[in-house]
Each structure stands twice: as C-alpha cells, then as structure tokens.
Amino acid sequence: MTTTEPRPSIRTELLESRPVNLDGFVEEWPEKGLVAMESDFDPAPSIRVEDGRVVELDGRARADFDFMDTFIANHAIDVASAEASMAIPSAQIARMLIDPGVSRGEVLAVTRGLTPAKVLDVVKLMNVVEIMQGMQKMRARRTPANQGHSTSARDNPIQVAADAAEGALRGFAELETTLGVLRYAPLVAIALQVGAQVGRSGVLTQCALEEATELELGMRGITAYAETISIYGTESVFVDGDDTPWSKAFLASAYASRGIKMRFTSGTGSEVQMGNAEGKSMLYLEIRCILMAKGAGVQGLQNGSISCIGVPGAVPGGIRAVAAENLVASMVDLECASGNDQSFSHSSMRRTARLMPQLLPGTDFVCSGYSAVPNADNMFAGSNFDTEDYDDWNTIQRDLQVDGGLRHVREPEILQARNTAARALQALFAHLDLPAISDEEVEAATYADSSNDYPLRDVLADLKGAQSVMERGITGLDLVRGLETTGFHDVAQSLLNVLRQRVSGDLLQTSAVLTPDFTPLSAINDVNDYAGPGTGYRLAGERWEELKKLRHVTSATNPETEVG
Amino acid sequence: MTAATTASDRTVTLREVGPAGRGTRPDEVVVAVSPAFAGHFTKTIVDVPHVEVLRQVLAGIEEQGVTARIIRVFDTADLAAIAHGGAKLSGSGIAVGMLSRGTTMIHQKDLPRLSNLELFPQSPLLDAPVFRMIGSNAAQYAKGESPQPVPTRNDQMARPRWQAKAALLHLKEFECIQAGRPAVEVEPVFGRVGSRPLA
Amino acid sequence: MTPVDPGRSPARLVVGVDIGNSTTEACLAVVAPEGSITHLATDLTRTTGVKGTPDNTEGALKAIRGALARAGRSAGQVETVLLNEATPVISGLAMETITETIITESTMIGHNPTTPGGEGLGVGTTRSIGELGEQQPGEPVVCVVPHGWDFDDVAATLNAAVAAGVDVVAAILAGDDAVLVTNRLERPIPVVDEVSAVEKVPLGMLAAVEVAAPGRTIRTLSNSYGLATVFELDPVQTRQVSPVARALTGNRSAVVVRTPTGDVTDRRIPVGELVLHGAGKTLRVDVDAGAEAIMEVVGRAQPLDDARGEPGTHVGGMLAQVRDTMADVMDIAGQPDVPVSEIAIRDVLAVDTFVPAEVRGGLAGEVALENAVALAAMVRTSRSRMQLVADLVSEGLGAAAEIGGVEGEMAVGGALTTPGVDRPIAVLDLGGGSTDAALLTREGECTAVHVAGAGELVTKLIDSELALGDRDVAEGVKWFPLGKVESFFHLRHEDGTVEFVDQPLSPHVFARVVVLTPDGPAPVPTRHGLDHVRRVRREAKRRVFVVNALRALRQVAPGGNLRALEFVVLLGGSALDFEIPDMIADALAPHGIVCGTGNVLGTEGPRNAVASGLVRAHAALLAEEARCRSR
Amino acid sequence: MQRGACHSGASLRGPTESEPALSASPPPELTTADYPLSINRPELLHTPSGKPITALTMDAVVSGELSAEDLRIAPETLQLQAQLADASGRPQLAANFRRAAEMTAIPDAEVLAMYNALRPRASTAAQLAELADRLERAYSAPVCAALVREAAEVYARRDLLARPTADVG
C-alpha cells in the first residue's frame, strides 16, 4: 500500500469556499468578558432598600458602587416595588414575558423594580423563540417600523436626497445620514430632509455627528431627531468615551428642551472590544446600559450590538444575546431601534438568520439603519442589508406575512420621487445661493444606483456653501420658505408640519413616529396590546395588500401577464 | 520569487539592553512595541511575522538614512500611550508605536496623546510593504520632510472576519501588561530557523 | 455729502448696477436735484449667466435688493436703475504640450530616486543577480536585481560573489533598498534603486552607474565627454549621446547602458498652426514655436479680427468652442441675429509653460518637464443685450431701468472717487477671464480695451507646473501666501519670518508646505519646497498680469506711450491679490506712473467702481439738466 | 412649584377666543387620551414667543412673520408632555421633560458648555457647585441643579473631578 499526502476532500474544499468561512469565530473567555450571556463571573441578583434608597445592588454595597451602579440605583429602579419584584422567581418573570394572558403593563409593573443581574437572570432562561415571543408583546409601539441610512461615499447631497426620497417611498419611517467629510454636514442634512419629505411626508431625519454639531443641526430644524449618543456598560469605558451617565442625562434633557426626539445608542461587545469589560458578560454590561438609559429618562435606545456586531457574532450564542438585549430594552419600556445596521457576515444565509429575531416579532425599528444606498456608499461602514436586498426583503415579508416596514414600489413612482427630490434640492440650493446643481445631476439622480453614477461635484465650493449655511444661520424655516417660493409646495408644507411637531413635543414621547398625515404615533396612542393569537398588530387589510406586491408576480386572471 | 529564503524562516528576539532613556540624536526614530510584541506573540492578526514587521519598519527607517532605537513598553497596551511615550523618548520626537496584532501609529512628541501623525487602525490590512512605508515615512518626518501619508485601506467586511479576533488579541495583550514596570531599550537579534542567531 | 432736503424738488433714489464677468455689484444712492450724491449702500453677488445676456437679470435684481435691504429702503422707492452697457466677453484656455522625451532601447535610467546607495562610478556588464554564481572572476559586473528580492539576501549574494572573485562594481535594484543593501556590503559600490521596470534593463551590455554624495550631483554621466571616456566613443557617437548627458543633468544618480542604437530624443510635437486675421493680413504661426513667436505674430496682426486653430488640437478646439458659446449666448428668440463676423476672437495671449510628463520608454517612471504653450483667447461682440436686461429688471423691480453708461467710462468715473487720483487716469480691471484697461484723458476722452488672460490662466499655470491636478488647490496657492510648518508650534512664512502659535497645529499640516488661508494653514500636496512653489506662483502671475497690464495700457496710452499715463488704478477681484498690485506697480514705476489698488468712494476698495460711476454720471446729467432749466 | 414657574412670554400672547392666557390658570390635568396634543389639544400649544401653534402657517412663513424662535418648544408644553409621560407610567421620561422645561431658558451655547462641564475630569468640585448654583439662580432650574449636585458627589467619590490647576492652588 502506498501512502498518500493528506489532502482535503472535494466536499471540504467546497465548504471551505463558502462565504460563511470568511467570517471570524473565537472561543469564549469568560474571565475577560469575551462571552455572550452565560458567565460565572456575572454577579448574582440582589437588592436592599433602606429609607427609600437602594443600599445594595447585585451583591455590592452602596459605598462600593461604581457610577453605573449609582446611576441605576438612583434613577432606574423603582424603589417602591423593587424588593417585591426581586422576590419573584426569575422563571416566573420569564414566563410572564411570554404568557399572552399577562399584559404588557403587568410585566412593566414588575420590570421597573429589577436590577441588572436579575434582568439577566430572567432572559438567560429564554431561548430565542421565547425571546421573540417576549419582543412581540413588549415592543412599545404596536405598529412596527424601519429606519434607513442615506449616505454617499462622495458626500454628494443630490445622491443623498434622491436615495432618501426612494427610501421614504419604500417605507422607512426614519432616515439617518452621516459624512465622510464632516464639513459637508449642513448640505447633506438639508438634502436628506428635502429628499425624505418628497418620498413620503412626515419621515423623520437625523445626521450622525459629534454631539455639538448634531445638536446644532437639530436646534436649527434641519434635522428632526438624534440617535448617536453612545453609552457604555463599565465606568472605565464610559469615561474613555469622555462621558458619564450624568453628562448624557443632561444631554438628553438638552435635546428635549429643543423639542427634538432623541435616543441613546449602546450594544453588546463594545466594552470587551475596548478591553475593559471588567470580567462581565456582554449582555450583563448591555443591561446596565439599558437601565442607565431608562434612568436618564431618554425615550428610547438603539441597541443590538450595532458597530461591535463582529464580537457577539463570533462567540457561541452571541446572536441570541443580541436578540435578548433588544428584548430587554423593550421590556423596560424603551423604544428599541434594533440594530441589523452594520455589515455582519459574508454569508447571506447568516445575515438573514441574524435578522429573524427582530423581523418576526417586529420591533419599533427593525433595522436601525437598513442601507438605503449601496453598501459601498454607506458611510456607517456598511449595513446588514442594502439596496440590493430590497426585493429579497419584500419577498420575505410576503412569504412569512410579517411587516418589516418596507414595500415594493413601481419603477415610475420611484423615478418620479428621485427626480422631484433632485429638482427640489436644485431649486432650494439656487434659492439659498448654494453651489448650483446642474440638470445633468438631476438626470443622473433620477436613474442612479451609486455615487459613481453622478457627475463629480466641486467639493471646495460645496464646503464653502456648507460653511455659509452655518454662518448665515440658515434654519428649517429658510428651507420651508425656499421650497415654497420655488414652487415645491407639498414638500414645503410637509417640512413645515414636521417642524411644527417640535412645538407640540408629541414626538418626544416613547417610540413616536409621524404618519403620512402627520399624526404622531407613539406608545401612548398606539399601545402594543398583544394578548395572544389574533390580537396586537396583524398584517392585514390594506397594508397586507400592499405587501403582496412584488416586482414579478404572475397574474391569476391572465397568466400571460404580470401584476404589480 | 527567486529570493534565497522566505521571510518565514527568520526569527527575532528582543534583548534588553537597559532602561529606555531619552535620545539625543536628532536623526533617530523610536520604534515602541507593546508588551507582547515579538515575545508572547510572534505574528500579527493576519499572520505577518513580527520579525518581518520589525525588519520592514527598521528597513524603511534605515533606507532614509535615519537611525532607529527600539523600546519595549510594559505598563500599557494602549497604542496612543505606547507611541506617544516613544515619541517623548525619541531624539527627533518621532516614534512608531506598534501593537502585537499589527495596529500601528506614527506619533510626535508635541502632539496631544490622543492625536497622531498617521494611524493605521485596520490591522488586518497591514502587510510587509505597508510596514516598510510606515518606517520610511516616520524617518522622513524625523528629517523634517513632507512624506505623502501611507495610503490607508478600508474593508467593510473586516468587521465580520476580524473584529472578535482583534478583541481577543487585545485582551491577551492586556494580560501581558506589567503595571509599573518601566520601558526598556531592546536590541533585535535576528536569526534563521535552524541556525544560531547572530549576536 | 450734501444732506437731502425733501422740501425742494424731490431727491431721487437711484441704483447703479455693474454686471461684470463674475460679479454683479450695486450702488444705492440718493441724488439731489443739483447733483449731489448721498451713498446709502452697496452690494455684491455672483453674476448669473454670461455678462450682457438676459440671464443677468436675476443677479442684478438680487444685488439691487441686497443694497436696498442694507439701506432699509423698499423697491417701490427706487426711481431709476442704471445699468452699464456691458458687452459679452467669453474667454477660454487651452494648453498644448509641444515636446516629448523618448528613451529607446532602455539606454538610460534617470528618475533620481530619493535614496540611492553608495557613491562613485561603476562601469561593467549588466548581469542578473540570479546569474552571478556563473560569472567568471575578473570581468566587471553591474548587478541587476529584480522584484521580490529581500535586501538582506541581495547583500548576502553580492558579498558571496565578491568573495568568490566576481568584480561587482555597481547594482541596479527594483525595490527601494539601495541604502539597505550598501550598508550591508563588505565592498561599497554605487547602487541605484526604485527601477520599477528593472526587467527591461538589457543584460550583457556595458553599463555605467553613478551615484553622487548627498547634496551633490553626478559629474561623469551628465557630461558628454565623461560618457565618451566611459564608453570609449568616437566624435560621431559622442554627438549622438549628448542628449543623454543633458537629460541626466542635475541628478544625484543615474544609469547609462550602451546599446547598439539606444538614444534619448527630445521630440517636438506638431500641434498645428494658429491662423491670425487682423490689420488686413492673414498670418500663420506654428503653436509649437512657443509663446514668444506667437505673441510676436499677434502683435503684427493687431487689431485682431479673428483667430483659428488646427481642428483636432486643444487650441483649435478651444477657439472654436469660445466662438460657439458666444453664438449660443447671442442667439435669443425675438432678437436680431448677430452676424458671424461679429463673433470673432479679438485677442490671444500665449504663455510658455511646462508640464511634468512621464518619459516614454523610461524604466523607472522618469518624469521630464516638457515644454508647453498655454493660450488664452477672448471673444467679444459689440452687440449687447443689455436693453433686454434693463426691461426685465424694470419689470422685476417695478422701477424704471436704463442703460446709464459704457463700462470702461463708468469704471474710470468710479475710480476717480479713489482719494488722491486725477486725470489722466487709467484703470486696469484685473478679472478672471480678461484684463481690461480704460483711459480718461485730461480732456475727458475715454478709450477702453479688453485683453485675453487673467486670473483663471494663472490658476491653470500653477496647477500644471506644480502637477497638482486639482484646481482648488491651485486657487489656494494663487490667493494665499505660503508657509512651512516646522513644528506643531511654529511655522515659517515665505518671507522667512517665524510665527509661533499657542494652540498646536493640526497633524495634517505637520512638516508641510501650506497656504495660509483665513481658516488656517492648508497643506499643498507637493514634494516641491516652499521656494519652488513660490517661484512658480509669482512667475505665473508675472507672465499673465504684468504682461497683460503693459499690453493693455500700451493699447490705450496715447501713441502707445506709457509715460503719457499718470495715474493707474487697479480694480477687480485680482486687485485684491496680496502681491499682483505690487508686481504691476513695480513694472510701471520705471515709466513714472503712480499705480495702486483703487479705493472707490474711499471705502469700497477695488470694488464697485462701475456701479458708483453710473451713479456719478447720472448725477452729473441731472445737474446739467438743472443748470439748463435755471438758465 | 412647577406651576409657579410661568413663562414671561405668556403675557405677550393676548387673549385667544377659546382659551384664557396660561398665566391665569393652572395647567389642565391631562390623560393619555389627550395625546397627541397637536391633534387633540392644539389650543394648549404655544410657541415661546406666545403664538398659538395654529399660527405656524405657510403664509406666516413666507411673509416672514415667523422666526426660528417660533419653532422652539415652550417650557409649558414640556410640562404638559411630562404629565402625559407620568400618566402613561414613565416617571423617568417625565423627569427628563421637567429638566428640559427648565433648560428651554438656557441659550444653546451655554447648554453645550454645561454639558462639557459635566464630562469626566472636566470640572472641579467648586466649578460643579457653581454650575448648580447658576442653574438655580439664573435659570430657576432646581431639577437640573440637583442632577449636577448628584454628579459632583459621585465624581468626587470616583475620582472624576478635575484637579485644581497649580496656579489656582
């Protein structure tokens, strides 16, 4: 017998070439916090209340509290009910979460008194289906929605406007942008706002920037909400980010004081990624973030690992932990914008599976940034889904009869919206004496896919224009006036209605969005009333008819034609 | 390639020669490495051997006619602290700081610690030619020249592939921190696999 | 100024509006019946459309409304809007590269790497490093090292060969390894590196490698007789290789390979003729003859009636396009057609320049500075559409609008409000596309000319000569003084002074040549030193503005005699430049002329001359009428 | 206590046909059924300059009657939204709105400066105490002041105060 060189089988070679094997996976290391949610190093739940004050939290006495413990003890935990809630066995609370006979309100009456370790103890008992069941009931807003990213690799405002218009038309309730060159922000934020209102009136927009500029654009009424206010689960990482729970709580009030909707951002994996997890599991630290956000009185949270998704994604049970963190946000009554917003895997199958725990039960925003531009143009470093996935997404909604917030839109409507957005921006820029947008650019915007399909802009002139927007103190009102006087009455009216909302403060309430007729829809007037089969939000009626449409559906009446 | 040996044959050990002091030569660049570099770890996140990283950075400096001094830091694994600490000891005020996983930074002593001259945060995208260019640029800054910044690359799919491994390597490097131990000057001893290192 | 007395016959609110090539300016004033003027406000905005066409209306209205807003007046109060009689001027720019350097048979490597190794001269036969082992001792060898070789291995291989008796006298490397290799050699040799196309170096040929000490340049290979000595050439052969020597002059390192017919040629690229019609003549000149020859011919064809270039060349295309644009602009429905004869090139400015270009046949990306000619041209027509603009402005504002005067005359009138000037006065309007001059004699006669070439040509020259490839950066170099950031806390200005700063400068400007913009230093992406950038900038300005200032002033000066001028006032955007006014003043000083940047109304600097000139002219008219009535 | 803190702008508002000026009566007790206020209770909503929300029309925008100030939220409105948050079982959200109501009076730049002062190791104990006093005295913002004082206490314990600079002492 001859010995042969060891060689892989043909099947192994085939498997090796599968995209999933380009993803990275690592072993757990609980001592350092490189573990999703099941760690012997997480503290055991405990609480002691004396004189209306939490004096012990999860095995730590008040004198030993770090600032997260202190903030959570002082602001997040309802001292009146805490000892009673903590006395309820975790298994019973977990059952309440999935029991249709227990209302959302009844669950909230318990969760408001729980400590981080207790919350972890509860969700650790739940498998991913149970987590989804919990989410289905605990989501704050009855009607699920979705959020899109509209950015440009060249920071081209015309592209941002056109893609925002298409995205809004396809169904995103919120649109977010950010920049490659930060100084472009004013022009791109204006473009996003105009495009969004062209696509569908009442869509809310934001521009992710450092705090001061983000707040200023909001104050001026150029953007409508804010989201990139990051918080962390350990004191050392929080301080490394140059903030504390108190500074962030102050910032939250600052936004509210200007009538601007705002949510915090956090996610599993950020602390271990920064090397300072203090030996705690990713989910435990994220629960601390969620309760900190709750204590700050912010209405909502963007979580689901977000930019650290590669970390939980690489450890066992990591995506279950990500689903759990979304559930925890919802079960303490926060709006949850549930991630699915960063490039996650080389494998399409894995990308889709990662989405299911949010898509199937529905969340306040299934993606906190579905890329409404090709991923190459996504300045948030790529999303889990992009424009190439639109038809797949719509088909999955139709297959499973779930509402992921999007819909199929026919080509002529899309071209119309893109063209109108570009023309509106062209007129507005001319009115505001900003660098001109040519007819050629408008034409390109109508039919483009990516930033490569647009003529190059004079960047220096644009940056000067952007600076002049800030220097001249241009506000949302100037945009309204410009759109109105240049004949874009609907867009102007729509933007004015969005601006009026900040006077009413209605969008400050939990999970608020604006319907196309400018009705604020929040967890107050659209309460999630799920109580078992046949209740809660159901995909039916007009909306279901809308979601039945796809690009190619063979007509039953005349099989030689297609409907849609 | 016709090269007589492949890079992977080479080895390096960093021999301590004494406490790290402030340099006086205006024509030197300090190369400051993290606690586990070419010690606990032997290669970067994408398997570039540390011997090659070091050879190329030093070669980039030498080719510009500038001298290099290597310093090992023990009490931190924070890249900015390593690079800035190195810059403060450098006779020219310029240092290259490197972590075991490959993340690299060019720093200057008068800059705030959290700033830098050039930063290469995406360790999975750094290969031998990039390390050569980093050394070359550091030396040119030391000479007061205006090098074109080394082109930085970007890959959106680096996150799913490398983010967790980077975190793991980061944690391991933290494990190697020896709090309070002052930095030392080291001398690289290059050798070949199977042959005795040349002293 | 006399206060307005509302009790007497009413003072009138008038606006002078100057529509220029790039900016539209307004001057709002109250004119009393006896002609005294109270200035209320000025405003400036971008010109919309091509000057002298109905598209101007929007910008004109904007400037008028801007001035009204500043003065707190309303449009209804305006009695008359005064527009300048502006004729459309369209200018164009083109550049032709007229030389090309070609290396044949890989005769030479002259890319001047920043860090060659060793020093001295080595002459031997080219051999690949892989074949060194087979080399017989004795014969001198120039070792050629392809890509992929590590510097340690190269040094070890060369040391081993030398130890075996091979006479390695020099090396040519693909990578940037020359210093590294020489530092490791037991016997030092000159080494040239970064030869990217090293595989094209002919092997088995006699070659010479020379490296000079740092800060010095090669002496042998850049000298024709040095080459003759090294390669034992006869006089005929020496004559042939002299271009090689010339091409290598100024280098710190070089390689020359002796091949049977190898050569370096400096070829002239024919780019066709420029045909100039004027002064009843038709004159032809080859564009590749250079700027001096072209301008000499242009001078003989003055006043120019038209110019055409060779179809298919940049210059030909540009001249045709400028003409077409003008035809399109003048083609307005309901307006009489403009005869083709009126749409013609009225001036041409040629400037010699150079563009860095990669050498054909080079082995290491050698760049040669090739000669080029930049050409600015200008079309002007006497047919204006200003009446149409006046009608539209009148309609838009609800006030009367009229043509208040001719541009050049009005500019002179406005310039006269500059403190310290008097007739005879000449103005030079330094614009973007053209340089304009007008003269008002002591007797009140006014003449005006427009010549091609202004700020945009300067930008183009800076852009191409520094190989920036970025118009915005070139604009920055043109507008702002230079500096060199020497540390985070100080920078050296181009005049040598040092400025210390409190806040550390940004890392992206560290150790760089910068332009000092109002927003702080911005880096100039170039390997050239500050002095070189400065020289290029000043040369570009001199070749355009100083040349054109003299050219234009000679055309308006009585008898072409500059000494007949007394006061020259600089106006326009480029008069705000930090050095152009001084350069022009220096050039005019020998002719006894007082020259400086205008300060219209004593407040407006070089701006608003035409607009305020219009108001002055109107006031003078009213005063004249008043005098007539009172008589 | 909150009811006493009426905005001086109220008197500029003048009487409207249906609603007496806010200063004349305590805020109404709201329930969740009143939400959204912009649809169900627009008569309660005014701009800080005293215009009713119904005055925010396109005509008013185009004619230049409205300024950016008219698109800000009034402190009274934030108090109303705080009531709604309380009524829907969200005491922390309500507390946030009450802090926000206090902060409407603080100019944008100063809000940002205060936020920066709360960053770790940005302020000394004395500076934070001064900030709390200023909130209370200059802006009648006791709830915000309490948050700052709480932060000061925690920062002291967790070594997050700025160390006094040498020249100060």
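The letters A, B, C and D name the chains in turn, as written, and every chain counts its residues from 1.
As a working rule, a contact is a pair of C-beta atoms (placed from the backbone, for glycine too) under 8 Å apart; a residue touches a chain by one contact, two chains touch by 3 or more.
As the structure is a computational prediction, the values presented were derived from the model and not from experiment.
Which chains, taken as a pair, are joined by the highest number of C-beta contacts?
Counting C-beta pairs in contact for each chain pair, the top pair is A-D.
Could you name the chain whose CA centroid falls nearest to the centroid of all protein CA atoms?
Given all protein C-alpha atoms shown, the central chain works out to be A.
In whole angstrom, what separates the CA-based centres of subunit B and subunit D?
52
Taking the mean of the C-alpha atoms as each chain's centre, how many Å separate subunit B from subunit C?
44
So how far apart, in whole Å, are subunit A and subunit D when each is placed at the average of its C-alpha atoms?
Centres of subunit A and subunit D (C-alpha means) sit 27 Å apart.
For subunit A, jot down the residues that touch at least 2 other chains.
none
Mind listing the subunit A positions that touch subunit B in their complex?
Touch list, subunit A to subunit B: 22-26, 29, 32, 34, 269, 272-273, 275, 307-311, 313-315, 342-346, 375-376, 378, 381-382.
Help me check something: in the complex, which residues belonging to subunit B touch subunit C?
Within the complex, subunit B contacts subunit C at residues 1-5, 7, 55, 59, 62-65, 108, 110-112, 115-117, 132, 136, 141, 144-146, 148.
Mind listing the subunit D positions that touch subunit A in their complex?
32, 35-39, 42, 45-47, 53, 56, 58, 61-62, 64, 66-68, 70-74, 77-78, 80-81, 84-85, 88-97, 99-104, 106, 108, 111-112, 114-115, 118-121, 144, 147-148, 150-151, 154-155, 158, 160
Any idea which subunit C residues touch subunit B in the complex?
These residues of subunit C touch subunit B: 115, 129-130, 146-153, 156-157, 176-180, 183, 214, 486-489, 504, 507, 510-513, 525, 527.
Which subunit A residues qualify as touching subunit D in the complex?
Touch list, subunit A to subunit D: 66-67, 70-71, 74-76, 78, 105, 108, 211-212, 215-216, 219-221, 235, 238-239, 242-244, 246-247, 249-259, 294-299, 333, 473, 475-477, 480-481, 484-485, 489, 492-493, 496, 499-506, 508-510, 518-520, 522-525.
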